[in-house]
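In this document, chain identifiers A, B, C and D correspond to the written order of the chains, with residue numbering beginning at 1 in each.
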Amino acid sequence: MNGNYQEALHIIDNVLNQAPDFNEALFSTTFECDQKHGTEYHQRFSDYWKWIQKEDLVVDGAMTDPKGDRGKRPKDQADPDLYLRVKQRQPGGVVISGAKLHQTGMLNSHEILIMPTLTLRSGEEDWAICCSIPTNTKGVRYIYGRQASDTRKLEKFSLDVGNTTFGGQEVMTIFDNVFVPKERIFLDSEIDFSGILVERFASYHRQSYGGCKAGVGDTLIGATALIARMNGVAEASHIRDKIVEMIHLNETIYSCGIACSAMGQQTPAGNYQVNLLLANVCKLNVTRFPFELARLATDVAGGLLGTMPSAADLSDPVAGPYIKKYLAAAPEVDVVDRIKVLRLIENLVAGAGAVGYLIESMHGAGPPTAQRIMISRQTNLEDKIKRVKDLLGIS
Amino acid sequence: MNGNYQEALHIIDNVLNQAPDFNEALFSTTFECDQKHGTEYHQRFSDYWKWIQKEDLVVDGAMTDPKGDRGKRPKDQADPDLYLRVKQRQPGGVVISGAKLHQTGMLNSHEILIMPTLTLRSGEEDWAICCSIPTNTKGVRYIYGRQASDTRKLEKFSLDVGNTTFGGQEVMTIFDNVFVPKERIFLDSEIDFSGILVERFASYHRQSYGGCKAGVGDTLIGATALIARMNGVAEASHIRDKIVEMIHLNETIYSCGIACSAMGQQTPAGNYQVNLLLANVCKLNVTRFPFELARLATDVAGGLLGTMPSAADLSDPVAGPYIKKYLAAAPEVDVVDRIKVLRLIENLVAGAGAVGYLIESMHGAGPPTAQRIMISRQTNLEDKIKRVKDLLGIS
Amino acid sequence: MNGNYQEALHIIDNVLNQAPDFNEALFSTTFECDQKHGTEYHQRFSDYWKWIQKEDLVVDGAMTDPKGDRGKRPKDQADPDLYLRVKQRQPGGVVISGAKLHQTGMLNSHEILIMPTLTLRSGEEDWAICCSIPTNTKGVRYIYGRQASDTRKLEKFSLDVGNTTFGGQEVMTIFDNVFVPKERIFLDSEIDFSGILVERFASYHRQSYGGCKAGVGDTLIGATALIARMNGVAEASHIRDKIVEMIHLNETIYSCGIACSAMGQQTPAGNYQVNLLLANVCKLNVTRFPFELARLATDVAGGLLGTMPSAADLSDPVAGPYIKKYLAAAPEVDVVDRIKVLRLIENLVAGAGAVGYLIESMHGAGPPTAQRIMISRQTNLEDKIKRVKDLLGIS
Amino acid sequence: MNGNYQEALHIIDNVLNQAPDFNEALFSTTFECDQKHGTEYHQRFSDYWKWIQKEDLVVDGAMTDPKGDRGKRPKDQADPDLYLRVKQRQPGGVVISGAKLHQTGMLNSHEILIMPTLTLRSGEEDWAICCSIPTNTKGVRYIYGRQASDTRKLEKFSLDVGNTTFGGQEVMTIFDNVFVPKERIFLDSEIDFSGILVERFASYHRQSYGGCKAGVGDTLIGATALIARMNGVAEASHIRDKIVEMIHLNETIYSCGIACSAMGQQTPAGNYQVNLLLANVCKLNVTRFPFELARLATDVAGGLLGTMPSAADLSDPVAGPYIKKYLAAAPEVDVVDRIKVLRLIENLVAGAGAVGYLIESMHGAGPPTAQRIMISRQTNLEDKIKRVKDLLGIS
């Protein structure tokens, strides 16, 4: 194993602090591309990233193309824009056309870093484009995605929102003939580095879920423990057992995030890369355990999660007093506080928060099948077979 | 085993058609109560139910009390109304006070049939009340429960609703000093029959979930298979495998509904009762498998489930064409149809439909712990131990 | 649904009593074959089976061929005998050659009923043979299969066997040029009925596992509850919970066995056939839940399951007293009784009994993939898709 | 988080190389005991361990007492020896009496290090003893534990053993009035350090399972992949999927072992201690995933796992050729090699190897309930609740 723990600190911090990830992938990939092709992407990207850090800018890493007919390659689609591509080459740069889906946090970013979505082949050079643009560039348009219960944020009474402090948004980003100047291009036509870039970015991203979703999980665990206490059942053995199970599953996700960091390795470019096998193991667990945490929270919270009256009715002079009378728990528990906790849990298991905690846990950084393919590729199965043959004296 | 298959047809039909359930529980319980206490509930209830059938009325069975501080008995609550009770006795009837939570479909019912929520003890006779009233009785009030994404039903564009044909509602029902005439009372003070009534109603209800939730499951399976086909991935081995898994889990639920019916037994009153052990096994599976079906549907459907633009934007002259361009799948697939299917799946896994399919699967007819207690009680564990002792020659 | 409950009694009894299954499959298949091809198998088989019943004989249904290279068809194998076949046709019968693997209970049977192992195609008529012979027919040889801990049955002290009353055996049965007279042939060359016969036999067999493995499960549950009591931990909440979970899983298996019987249908031949979809659902659960029951039993039983001294040492004048001193539990528990229960559990989770309870639960009546294929085929997925389209107004 | 990665290397190595664990626990515990009580255990233990390292000796850490009636404390047992204790104090040392169960590898060790099995209370000072003795000390006796299929090792043909190179043994170790000199005592009567010692040793041990059982898992994965290849089904999608699942679960265990090491902390004594929460999460996964790996291996390997003829029959002039003829797979696969692989898998899922891979995964370093208790204790649940309160503005 690799013993550079001092440096591993950096990538473990990535799990803990959810630092960016595509920048690390680009740092090493541009270095290797330059080595092979004599390009000058590495210095260009390093300068760009130093500027980002100096200016303290937020950058959205945009990878997922719409993909259209999944049975066809980019160039065989009815509409070639279904994978973002270079549509025209001009003296000082390129014009790109296409879209990126599922862009979490795009609307609160200053910059977009565009990457290809899959390994490209010969003849598909126009789709092998990696570049950056400011989010307010001409030709870029954003279409907001809906989330369950999203319009509760627009209602008069905020109680039903569940979480009024934090939230997120996912947008479809359109690139309608957008010009990108040469100095913002970090890969163009080098198809042999498209797959490496995807694989590395995806793996850093899969690592970071070991911190991100464990953090949301902690919130759900806290809310579940709190509602159990408010309901007066916190000491029941089956309630305690379900909360321990939630903690266990959540800490397993976290452990996988730590492990793929601790077992990372230095790249030729000098930065550190997570262990690709374990990062994919991490994310594959993320496609499972949050769903079980949500199920257990639904169990402990009780049926009110799906039947509770609205905040508007709570403020109603006729309905309000009835609600307060009948949603009372133990005398020391404030009814409105109890409603707040239930609305937070609802938010996470069947509301706007479920987009981030459940749907994104499944599909963010790629769906489970993508992780299974990577696990299959990154495992040295032949070595395991060889050891068994040696053990059994099979030639 | 009991061979009355001709009659078992009736209770199997209960699974298939979701016929009422509390009426069967009351039919046998009032019979036994009359036998023991010389009361006259059975004839009264039979007459009532014949009238219900003749008039073809919808009756809501109301059982779940708010319960307040779960560590205390009904009479020890700060507010005795936290369990519905007889507050006053009058010559021709009783006045009741309290509330029933989580009443699915109450607002589309003609009648309410009120039952106690737990086994009552000596000194708690006022809470041992079973009676019926019309839903428009003076003093009864309804407070509508919120569901995820409920206000989408009020929006201009119906596409985002997901399921515009079917839906449900859950209400908190208040009984504010409601008078119930004597001829509508089917149990009053007979604490020794409160537990039997709860147990039987719950078991019929737990049986019926083997039909109800399997039916919703079939819809989710159909929608998942359809979106896979629209996405052009229906033949991928992992997609086929996930759909087979969904079918398997769903048919396991259905099988449990059938089994507890087929193994039912005739009661002294002459009607048929489901097998109590297997009905609870049925429901306990319902607290698990729909969540896994929802997880698998989320996997197959793809990330658009959480990021898709609104129907309003689809109709927008600027945004609309972009959405249609970039959400196109294979050329033969209509984009709006694709959106419809995704919105239906969203409805079931993280929208209004998730209240019925997930939260109600967990808590309807009682939470999983209630089923575990019943499984423990209904199993003849001593017989299993005795057989092992006999096998091993242990005295 | 089909309402012939009176007759369904018969097939439910199949689950409860583990009656034979291939006879039902042959009864209907020979009838349909005669109808189509004008053969005379049905009367011949009916007469044969009446004789079996009159003489009260045990018949082993032999289906599983060795299969050799699984990538090749029967006739393309290096050795054509790897699928049992008609090697020669003679005036009064046929000569068969091949083997049947995994024959449970063959050595305690009077007769063998041979069936093809897969759907055969044109050019593979010689492999489409179904016939019966006495187990002591010339040319038939039996090679006994090993089971974990099998030779404990030969040791001086029987305590370590775990279950000295019941057991089973699995043999490889060789058919070395065995002559079968014409009157014992029930299918010969009719390739179009080979698949139907396999599918039906397999489904009856998969149904019967709902009774068979649930019965073994009951024994394991009883033993687990007994050892918990002996260890003085029967009332611990986590122990009770694990035993409830074992019961729940076991009764789910049983419910699936009941359901596929209750939903069966009459065949044109007049007998009853299980519901093919639900029978496969039943067996697929059997490939999962016994493993979880075994895991839970291992948990409750404690580490002694894998470390307990031998019965020989227990009888040793030096070692014996130490063992009795240190394996004592509560004073009222006999140490040898405690050892007996632990050895029974060991037998079922990691000994000779595990062959029947775990390995056979996985592979008996076909491995899980075979059930998944049948579930896929037997589900009307198009109907589910159509209902969703209707719901959403998709043409 | 703690950044001492350089030193964390040491405890990560513990996972990778399965270094001892109780020595680390004793190193820090004796240090803290001396600080509080003015004892001189730390120097004594350090000297002892330096000698162990210099002489390169194997030391068995002996913790698990028989426990007798689990409802009673050590001093309330019918026989006080059911928990190992100081029976007599003499000028130069103590006489101990009792037993330690489940001692893996005791018979190949030079030294025994005895520790208490639980947190002791006032009045139980005689049970608070930690000391070391050579394995050949007078009064120490060993009673060998049986394992499934153990006597296959004594048979003429070794093929059926499955794994002829490696194996293990578990012994019951009796201490019949054994004298321990003062210089070998590392804790005596300091009840307040008994629980700390148990907790630390257990946590190191639970960490090490992340390496140990993942290593066995790799062997099972290799054997499963090899038998799939020999059977000619390695490329079937469901087979590939099952092997990926095995790898995923196994690497999750490994990740948890790495994570609890990487997140470890320095103790006041100067050595490093694993993260107690994550070490228990690691072990709790070990009580689950190896069972699923065994189930998947059983699925892929096929029914021969439970029905294969003996090696003796393979050598028989009559039976042997039949076995070779009918267990042939693809022509390039040697039949005996195929049998070897199947026997290795049988060894691990239902033979002697299952003691180490399944039963020990459940109970070694404590059963799952012990880990759940530790997870509950080590989690800062109040902090999670507080964060939720802050988020929601609940005071």
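The rule is short, and it goes like this: a residue touches a chain if its C-beta (ideal position, glycine included) is under 8 Å from a C-beta of that chain, and two chains touch if they have at least 3 such contacts.
Owing to the predicted nature of the structure, the values given are computational and were not obtained by experimental measurement.
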What chains touch subunit A and also subunit B? C, D
A student comparing A-C to C-D should find more C-beta pairs in contact for C-D
Between the Cα centroids of subunit A and subunit C the separation in whole angstrom comes to 46
Centroid distance [mean C-alpha coordinates] between subunit D and subunit C, Å: 36
Got the subunit B residues that touch at least 2 other chains? 238, 241, 372
Per the contact definition, I'd like the list of subunit D residues that touch subunit C in the complex. 64, 66, 68-71, 78-79, 81-82, 99, 101-102, 141, 143-152, 155, 160, 170-172, 174, 176, 231-233, 238, 287-288, 291-292, 294-295, 298-299, 302-310, 313, 318-319, 322-323, 325-331, 346, 349-351, 354-355, 358-360, 362-364, 367-369, 372
Given the complex with subunit A, which residues does subunit D contribute to the contact? 1, 3, 5-6, 8-9, 12, 16, 163, 165-166, 218-219, 221-223, 225-226, 229, 240-241, 243-244, 247-248, 251-252, 254-263, 277-278, 281-282, 284-285, 334, 337, 340-341, 344, 372, 375-376, 379, 381, 384-389, 391-394
Touching residues (chain side subunit D, partner subunit B) in the complex: 237-238, 241
